[in-house]
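Below is one structure, written out as structure tokens, with a few remarks after it.
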Amino acid sequence: MKAKKIDRLMTGVIYLMSAIIVAILIALLIYIFGAGLPHINWHFLTGAAQSFRAGGGIGTQLFNSLYLLILSMLVSIPLAIGIAIYLSEYTVNQKLTNLISSAIEVLSSLPSIVVGLFGFLIFVVHFHFSFSILSGALTLTIFNLPLLVRSITDALQTVSLNQREAGLALGLSRWETVIHVIIPECLPAIITGIILAAGRVFGEAAALIYTAGQSAPPLDFTNWNVLSLSSPLNFMRPAETLAVHIWKVNSEGLIPDASAVSAGSSLVLVIVVLLFNLAARYLGGKLYKHLTGE
Amino acid sequence: MDPIAKSLKERSLSAKIETRGRLITQLCTLVIILLVLAIFGFVATKGVAIFIQDHGSLVDFFTKTSWSPEQTDIHHRPLIGALPMIFGSFAVTLLAVLLATPFALAAAIFMSEISPRQGNKILQPVIELLVGIPSVVYGFIGLAVIVPAVQKVLGGSGFGILAGTLVLLVMILPTITSMAVDALKAVPRYYREASLALGATRWQTIYRVVLRAAAPGLMTAIIFGMSRAFGEALAVQMVIGNATLMPSNLASPATTLTSVLTMNMGNTVMGTTANNALWSLALLLLLMSLVFNIVIKYLAKRGELH
Amino acid sequence: MKRYFKILLVVIFFWSLTACSQTHQQTVTAVGSSALQPLVEAAGEKFTEQNPQAYINVQGGGSGTGLSQVQQGAVQIGNSDVFAEQKKGIRTQEISDNRVCVVAVVPIVNHKVPIRNLTLTQLQAIFMGKISNWQELGGPNLPITIVNRAQGSGTRTIFEQQVMHGRPTKKSSEQDSSGMVRQIVKNTPGAISYLAWPYLTKETPALKINGVQVSINNVANNRWPIWSYEHMYTKRQPTAATKRLVNYVLSDQFQKHEVRQMRYIPIKAMHYQQDSHGKVTKIKAGE
């Protein structure tokens, strides 16, 4: 009887502790929404930021965040997939694999300020990319790769050996097996990994302060000339992202409504991450169905 | 030549694609290896400069408590006592992990053993969202909510180890949880079935069988959480108070390696003593994350033997 | 995979295009002091209105970053709160100084502290740790919490030079930005700190020093004791656009409106001058 009681007690405890975690998140969300919602309106979402007057918006910053994310993903996803395939499918030397993956992991625990300064000295100063989206995207790639490689390698490894053997037995080369059999099989897991990395990139500030910069030239969304500074597509322009903007208005901002702007921006940031998660889940499921023909 | 023989002797399209694919993956790997080497080399050369170029003492670095690299002691060595930062970093990290682990384990057990369905529906998205909230936002909530709360309960300014711990706790919770779930799910089903068949209750099965079998994986999760906590900068910096002092209690201002690094980097000039001293902190952080990694690898290896 | 590589190639192609054309566009990058950043940003906005071809890129990063970057030629302008001579590791002969305005540093306290006036000696004693309770200054029984700026930050360097006169400050909480200092002083009973005047808000009451309130006139006549120059350092031979921007910042129109509005003190209003050792002398008429 005693064992049963303990069982029930512990189940209760586990329920309680899980509930506490959910409660923490709900409290966080309520706080973020409560503080930010009153400040969100169309003008705030699309307007240009002010440097020392009240009433600035975050339109440019929001766009910059998204654009930077896309660019850095464009660089890091193919790289990460390549590395993960090499690590999980091609290497025969286990020691080498371990060494490489350890090196990548250590990279991931470097504080972002160190990565940011490295990016600053290499991309901004040495390669003369100046403070730009490109510098930011490349720095974020350093940041991003460890996470992506790790999650994609894990995803590839969840696919059973039978699938690989079946592929090879059918006369497919190793590469073809990877591309046509294994990747489609674990695509949802890969996509989850990508979203989590994207979320982290989206909220990153410290690494971007010195690379993508803290100022945002106003954008003209009718200008599609990549060479012009006011064109949203130009990636040689300095681009303050939303996370950097939050940091900046709170630390060095002169605007009188700093707390309102930062609360509103925080909310927007969290909402975008939320949307990301939802969209990617949906997309992952769809793709899986499409690719596996289920 | 005989067309059949010719087609047999030539490399097939498939083989060409194979070679090319292999080459691409090798190139990608090469890129990251170069990148890692570049960063390591960069941080290492910058990090040892304070000891070699500026004759800082390595013993002082780990044992003294006064950090003021621009000034020198009687032996004309820069004052680089990093003990307060090292202590602060370890204190917040260990405390945060200590507090986060029970919650993370409970959530992981809930998701893998008790109610996978509810777990996937409710806890999984919660965990993912917690990861997604940027550290800047955590920092501001810490500043607005946790610091005043600590101030009310413990007195003082509210800034200190405790506030830093609480913020970190929430930040590393999702990391530990999601890795713990993986570890628990890796325990074969028949372990549980065998235990239940022997008449054990669910809790007995979890406690005596599943958790034991998953122990190395769980340790890996915890160490991974630790390494995250150790490297976190922005959020902790906002709530810990940033005083290079040995803290006298949980609510007196302290500091961590990352916050000193982040705070002072912009105010120093590249190549000066003050700047080199900061890079030595970065090197220490890098070495610490290497240590964490070696421990993780070691644990993972021990896990395989079971 | 293949598609990704194609996209990557296109991206690289466009990048090389922009990289080439970038040199023809007149971009002036100013990096450094965060205390000066808002003013240069405002100047950049106005300047671009008049010269649509030029773009002024203003970044923070701290005075140390500004000085070392301009010396290396990585940026055109290095903003600094301190003289280059005060920073170790800067080769002053390679850069030229442009003093664009004066900034005052103002001590602030938490609003629960009733004291609104201190002598300079009292202020010094507080930051040395000699006075640790507001009671000793005739206030309520409330411990004093010192909030400092990061070592080496411009504002702290000014404060230490003009208030501490080389005496050591008590080790205490440090913050890396004016915004954080303001927020912490606002929320912590008994807190005292200091801010550059432009960052002062009503949330944190400012103190008078020796009965003098901070104002443009009082700083100009050196009655307000804590002030220093804001510098925009350039290379010895600045580019045309850089020179024009510095001249714009120094122009009467900008100095009379934006500079005053944002509570910096116009350089021409000063009746006193300061050298890099902090020595203050009266400017003689006709000089």
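Chains here go by letter, A, B and C, matching the order in which they are written, and residues are numbered from 1 within each.
The rule we apply is simple: contacts are C-beta pairs under 8 Å (C-beta built on N, C-alpha and C of every residue); 3 or more make two chains touch, one makes a residue touch a chain.
For reference, the UniProt names are A = Phosphate transport system permease protein PstA; B = Phosphate transport system permease protein; C = Phosphate-binding protein.
Bear in mind that the values here come from a model prediction, so they are computed numbers and not experimental data.
Common neighbours of chain B and chain C (Phosphate-binding protein), by the contact definition above: A.
When the interfaces A-B and A-C are ranked by how many C-beta pairs touch across them, A-B comes first. Put simply, the chain farthest from chain A by mean CA position is C. As a whole-number value, the distance joining the C-alpha centres of chain B and chain C (Phosphate-binding protein) reads 35 Å. Inter-chain spacing, taken between the CA centroids of chain A and chain B, is 17 Å. Chain centres here are Cα means. That of chain A falls 34 Å from that of chain C (Phosphate-binding protein).
The set of chain B residues touching two or more other chains comprises 21, 24, 262, 265.
Residue numbers of chain C (Phosphate-binding protein) whose C-beta contacts span two or more other chains: 1, 60-61, 176, 180, 183. Multi-chain contact residues of chain A (touching two or more other chains): 78, 81-82, 179, 250. Residues 51-52, 71, 74-75, 77-78, 81-82, 124-125, 128-131, 134, 179, 209-210, 213-215, 217, 226-227, 229, 234-236, 238, 248-254, 256, 258 of chain A are the ones touching chain C (Phosphate-binding protein) in the complex.
Of all residues in chain C (Phosphate-binding protein), only 1, 4-5, 7-8, 11, 14-15, 17-19, 21-22, 25, 27, 29, 34, 37-38, 41-42, 45, 55, 57-61, 69, 72, 74, 176-180, 183, 198-199, 201, 262 touch chain A in the complex they form. The part of chain B that touches chain C (Phosphate-binding protein) in the complex is made up of residues 21, 24, 68, 70, 143, 147-148, 151, 157-159, 237-238, 241-245, 253, 255, 262-275.
Within the complex formed with chain B, the residues of chain C (Phosphate-binding protein) that make contact are 1, 60-65, 67-68, 87-90, 145, 150-154, 171-176, 180, 183-184, 187-188, 191.
Touching chain B in their complex are the following residues of chain A: 3-4, 6-7, 9-11, 13-15, 17-18, 20-22, 24-25, 28-29, 31-32, 78-83, 85-87, 89-90, 98, 100, 102-107, 109-115, 117-118, 121-122, 142, 145, 149, 172-176, 178-179, 195-196, 199-200, 202-206, 243, 246-247, 250, 262, 266, 269-270, 273-274, 276-277.
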